[in-house]
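The structure under discussion appears below in the form of structure tokens.
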């Protein structure tokens, strides 16, 4: 459903991503792994329009979204989270989610100014959907609190929720469990599984091998911006190129 | 032809001032990522301190200059400590607002202490000389030579000393410099001292020729912003080149444009260029 | 979702009643004039607050857009156009010029926008002082007619010759602007402004067109500034370059920051409290700007939400303590 086709990204002579092609298949959990600096986050930035590829194309449901603005990409049903937990930390929990749903509504300037019937309907719908998402995240009773009052794990959940509230087709998660302890990681992993069961396709970047092997259907391995392996967890684990890349670089357990 | 050369000479003289002031500003903007709206007012204060030390206390021009430049260095450090450092971790716009506060404070400070009417610093070298058909006073020549010496000195400082190299590294890449363990706070304070000190040098060189007034920093400060944006934030060559260019354009274009609209064109050019290339002529970094 | 506690509502009602009855207990024409001006400053500062406080874009040309409204009304009414048409047209001109300035500059982040608007503010100020044919140069324009009477069926007509009537007209404009801002800001749409201020990359990634959001905020804020400026011209009967100057921008900035940015009452409180304070500080003369410059720095460092933000925090603390006491006494009685 989301296809990356021979995408290359250069930064002033430095090649961050080189001739990369892969596809995210509807309904799966795909993991992108690789040593530090392999270009994983860059791939997300290229898909979501934060960066423009030097060459190559990106399609969602056969629709070319190469070089689109981030907000346009989002409105094609591609949501993402950021590596460093990125939230609207001056606002309340519920506000964070309502902002995430806004593009699906017609809550623009004039509708808001004149409180049109459409505004009433959409404002109510937004609130309802935000509360629904909060319940799904297990944060319903915290809806009125400000973001800094949440624990680290709750903030990670909220970040996923902001991306999830608009019912995206594909959810891109950049290290959703980074910095969490084992117990918290398990809970977030469980949340990711439930996201998929809801019908959202998931693509995640992660360092924690044990977690990935447990949750991912397929894995794409990057090294120095190039795809060196792709397949089921078992296939990837026994791939000689992957073992070399990890032993040559850093080993992540 | 003589008139043309005369205008070129004047352009270089004003360009020297612009270059020095823009130089100090580009360092501060590169280091702290905030526009120090009060930079022109540091220039103004430098001029008044020369008046204070040189004339009121009676140290004379040269000794007064040295003391006022040193005093402005202290003012720069204080400004960094009191106004900007507490805002390091807060949203950027808070520092912008604090900059406006400093601007208002400095201007009314000069107004309160020295009054609104123009003050004159006695010109130490009023004698006229003639070179290549241009008639000029020695003081005007001194502005140009002083600026060249200051720029050369600053260049040597940046290239040959560790502190200078550190400042340049932070100006170009703050995050990178922090990763290498540089004490960014100390560098910030030093940069403010240099920035304010150089502004005082520029004011000291030029103010025997023109009157001092509390509002003289405002327009100059804005021109420095124009130069810095066009030359690229944190870029020293950009500031020097842009400073002389603006001085020459103004001097040569001044004959064709009305005096009242002279400044409108500089600022208009800025808006136009930013419309076409939002990151400045040579800049890449977004702040 | 966005409701206020009952005692806050009562407070606002009391203030409104006091404002409506003001002409009866303030007979002094000079103070009355100051209050009327404060209303207009409150309108303009509220517009600035939309851009600066809620959307986080440091605009330093607000005085210029105020001036466009003022000169627009002055020029048009002198040319024979009725005030009721000249006022909205002037505000629209201010909004449109704001759009032209915002289109290229709001793509950039942070410092560039602040610098460009500062430069633009100076340009407008210089032009207003030098374009003698249009603006009357440094002397400005005087003899601006009062708004024409509005006919009301069965009642006669509302006339605008007295100061009192202009006071009520200004008050009506302020209430209308605050009402519109209230609707805009306390809504999902308003949250997008704050999203842009708080975390632009994240706002982008959740499908908000941050560029368009900033533009809307800037244009709407400048429309409000133009509206306030137009009212100013009609009340003063004269405009001069100081009505478009950058000192005016700095005054608005002081009102917004000291009153409390990103709060709706903040700029209103600032615009009323500070001119009154300045009147009392008349004897300090030149020292006033020295104090307010320093105050701007202190407030932005230690109370970034200004007076209103500080009061709100105090209110929350009191409420929290009361709740704690209630729960403690509950435990004790058990």
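By letter and in written order, the chains are A, B and C; residue numbering begins at 1 in each of them.
What we mean here is this: a contact is a pair of C-beta atoms (placed from the backbone, for glycine too) under 8 Å apart; a residue touches a chain by one contact, two chains touch by 3 or more.
Worth saying up front: this structure is predicted, and the values here are computed from it rather than measured.
Ranked by number of C-beta pairs in contact, the top chain pair is B-C. Closest chain to the protein centre (all Cα atoms averaged), using per-chain Cα means: C. Centre-to-centre separation between subunit A and subunit B, using Cα means, comes to 47 Å. Between subunit B and subunit C the centroid-to-centroid distance comes to 33 Å (mean Cα coordinates, whole Å). Centre-to-centre separation of subunit A and subunit C, using mean CA positions: 40 Å. Contact with two or more other chains is made by residues 197 of subunit C. Counting only residues that touch two or more partner chains, subunit B has none. Note for the complex: subunit B touches subunit C at residues 29, 33-35, 37, 82-83, 86-87, 90-94, 96-98, 100-109, 111-112, 219, 222, 225-226, 229, 233, 258, 260-261, 263-264, 267-268, 270-271, 274-276, 278-280, 286-287.
Subunit A contributes residues 48, 50, 69-71, 74-75, 79-80, 82, 86-91, 94-95, 98-105, 107-109, 111-113, 115, 119, 122-123, 126-127, 162-163, 166 to its touches with subunit C in the complex. Looking at the complex, you find that subunit C touches subunit B at residues 52, 56-58, 60, 101, 103-105, 107-112, 114-116, 118-120, 122-123, 126-127, 129-130, 197, 250, 253, 257, 286-290, 292-297, 300-301, 304. Considering their complex, residues 1, 180, 183-184, 187-192, 194-195, 197-199, 201-210, 216, 220 of subunit C touch subunit A.
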